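Consider the two complexes below, in which subunit A is the common component and subunit B and subunit C are the respective partners.
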Partner chain A sequence: MEIIFNGKPREIQASISIQEFLDQLRLDCLQVVVEHNRNIIPRQRLAETVLNRGDTLEVIHFVGGG
Partner chain B sequence: MCGSWCFMQIKVNERSYTFEENTAAGAVRARIKPNADLLIVNGFPASAETLLNNDDRVILIRRGEVPDADELDALLTARHTPGVHESVKGSTIGIAGVGGLGSAIAIALARTGIGHMIIADFDIVEPSNLNRQQFFIDQIGLPKVYALRDTLVRINPNVRVTACHLRLTPANIAEIFGHAQVLAEAFDQAQQKVMLIETFAARFPDRPIVTGSGMAGYGPANTVLTQQVANNLYLCGDGCTAAAPGTGLMAPRVGVAAHHQANAVLRLLLGYNPATEEK
Partner chain C sequence: MDKLIIAGRSFTSRLMVGTGKFASNEAMVAAMEGSGSEIVTVALRRVDIDNPRDSLLHHIDPERFLLLPNTSGARDAEEAIRLARIARAAGCEPWIKLEVTPDPYYLLPDPIETLKAAEVLVKEGFIVLPYINADPVLAKRLQEVGTATVMPLGSPIGTNKGIRTRDNIAIIIEQAIVPVVVDAGLGAPSHAAEAMEMGADAVLVNTALAVSRNPGAMAAAFRKGVEAGREAYLAGLGKQQDKAEASSPLTGFLGQ
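Presenting the complex of A and B:
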């Protein structure tokens, strides 16, 4: 199925959670903020939130310094 | 056209006065504050010959004179775009972390006349902070939030500062920043940035967060941007240059990112999108 990932269409496996999707991308969820359908999802809910066709997902990666 | 009975309202040092039409700025000075050596009309230095119009704002400043409390607010913001200070002086903002980013954000926004700032940080001032953070040698050893509060009050005593010397955690973020209309994320560690954003957004999904990511090193300042990266999340930085062995944090580029953040906060308070020209 297709979702919009960081602004671009992307084919992903159906019925996977956001956590599984991040794992496939090898992203460290401690350093990313995930926005699903315009809501920021706390990391403890990444595993229980399942992606659906047409969803929008923004993954913002953070680096240290300040 | 309207004879000798035509008058206009002029604000001089934020107090209203009535003058005849076509009065020059110099005549206003002669009446209100003859010893003023700086004349500012609508936020810009003007000559004594400048003719005034109804609703103009005139600021008269005598160099070196400390004005009374009533005048100070107006004089501090004499060079602002008119209307900006009125819009922001009733605002409350939060700054999470007052290191290189947060201390510079706070100073820029104090100079802008933000009404209330909530600043939070657990750290104390150390010598290694002074390469980029807005502290002084005589503040070494002080909690950063108290040192910064002292500095902010020296700049603008009309800004109310709530200084919280503590470690921000998921358990206290909503309480500490409960009144913040906009939150500036100014932590050092990436995981802490994420923790703060997740926690604040979960509790206050409608309130904007302005975050900083990617300002280490001395790469081009032009790669530091303000971008809207989520519905209510604006990211200032180059997005990728981490503080790491071999890539330090230094005042110029950290300052560029911090002032992107401060400007983003100001734009949000004024009702503008920080990342575009849009209202």
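Presenting the complex of A and C:
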């Protein structure tokens, strides 16, 4: 199924959790913040939040800036 | 030097540094060390899974530095508020450098959207440090809604032109009830010293350090500039005047 991940369409397995998705991408959940359909998902809820077709997912982290 | 107090928190250093545009993390760390800073700014962006990079946070010790996330990239109040909430969810303290810059060429801050966002963020419990043009009326309005500082620009971001907004910054300082942090455009330690001599409470520098051949040494030079300017301000600078006034006695000349 397809979701919109960081602004681009992406094929993922059906009914995986956000935590599983981050694990597949080797992203450390302690280093990122996740927005799911414009709602910020607290870290402790990443494993229980399941992705659905057409969902929008933003995965944000800190970079250098002024 | 006397302490800088922002929102009840006390800092020894009056120099804040940005972490953008450095050639390497090592160069960034050298600048942070050389500057003696206690507040460093960071930005929020989407992770780039095609170019995975070492996390920035591995290089910044949270015991030594207050992380000040900015809302750079926000084009309106709504985007800035969204970024501030994301920063807080990352586990940061609720300090936010509010910047709303819809114009990509000069990166000048939008005063109306900045004020709107500040109002919401203060209500949500954020400690808001807004980046603004050097507009004394806007500075006043922001303080009225409860921002922790105001951060007027010296000149546009990354231009290294120094303080081109001097007269308006002087009015902002004169009227301020919160610390005034001169941000953006400071390209040389003398620019930072000038801001501090004028009575600014702190300055924020990024580009001048990041583009230097030796960021650590440049940061140390800025640190000295900030300290010199602050000490001169506290000691009291002489008034400027047109007529010369002799420093040496005007009596007892040879041949009198």
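In the analysis below, the second predicted complex is superposed on the first by the 62 of 66 C-alpha atoms of A that agree within 3 Å, B and C clash if a C-alpha of one lies under 4 Å from a C-alpha of the other, contacts with A are read in each partner's own complex, and residues count from 1 in each chain.
One rule holds for everything that comes next: a contact is a pair of C-beta atoms (placed from the backbone, for glycine too) under 8 Å apart; a residue touches a chain by one contact, two chains touch by 3 or more.
What you are looking at is a predicted structure, and each value in this text was computed from that prediction instead of being measured.
J.: Please work out whether A:Gly64 is in contact with subunit B alone, subunit C alone, both, or neither, and reply first, second, both or neither.
T.: Both partners.
J.: Given the touch rule stated above, what does A:Pro9 touch, subunit B (first), subunit C (second), both, or neither?
T.: Neither subunit B nor subunit C is touched by A:Pro9.
J.: Quick one: is A:Ile40 in contact with subunit B, with subunit C, with both, or with neither? Answer first, second, both or neither.
T.: both
J.: Can A:Gln31 be said to touch subunit B (first), subunit C (second), both, or neither?
T.: both
J.: Intersection of subunit A residues contacting subunit B with those contacting subunit C?
T.: The answer is residues 31-33, 35, 38, 40, 42, 58, 60-66 of subunit A.
J.: Can you tell me which positions in subunit C touch subunit A when the two form their complex?
T.: Touching subunit A from subunit C are residues 18-22, 28, 41-47, 49, 52, 55-57, 67, 69-70, 72, 82, 85-87, 89-90, 157-158, 184, 204, 206-207.
J.: Quick check on the complex: what are the subunit A residues that touch subunit C?
T.: The touching residues are 6-7, 25-28, 31-33, 35, 38, 40, 42, 58-66.
J.: For subunit A, which residues count as touching subunit B in their complex?
T.: Result: residues 30-33, 35, 38-43, 58, 60-66 of subunit A touch subunit B.
J.: Please give the residue numbers of subunit B that touch subunit A in the complex, ascending.
T.: 97, 99-102, 186-191, 193-194, 197-199, 201-202, 205, 211-216, 229-233, 235, 237, 239-244, 249, 254
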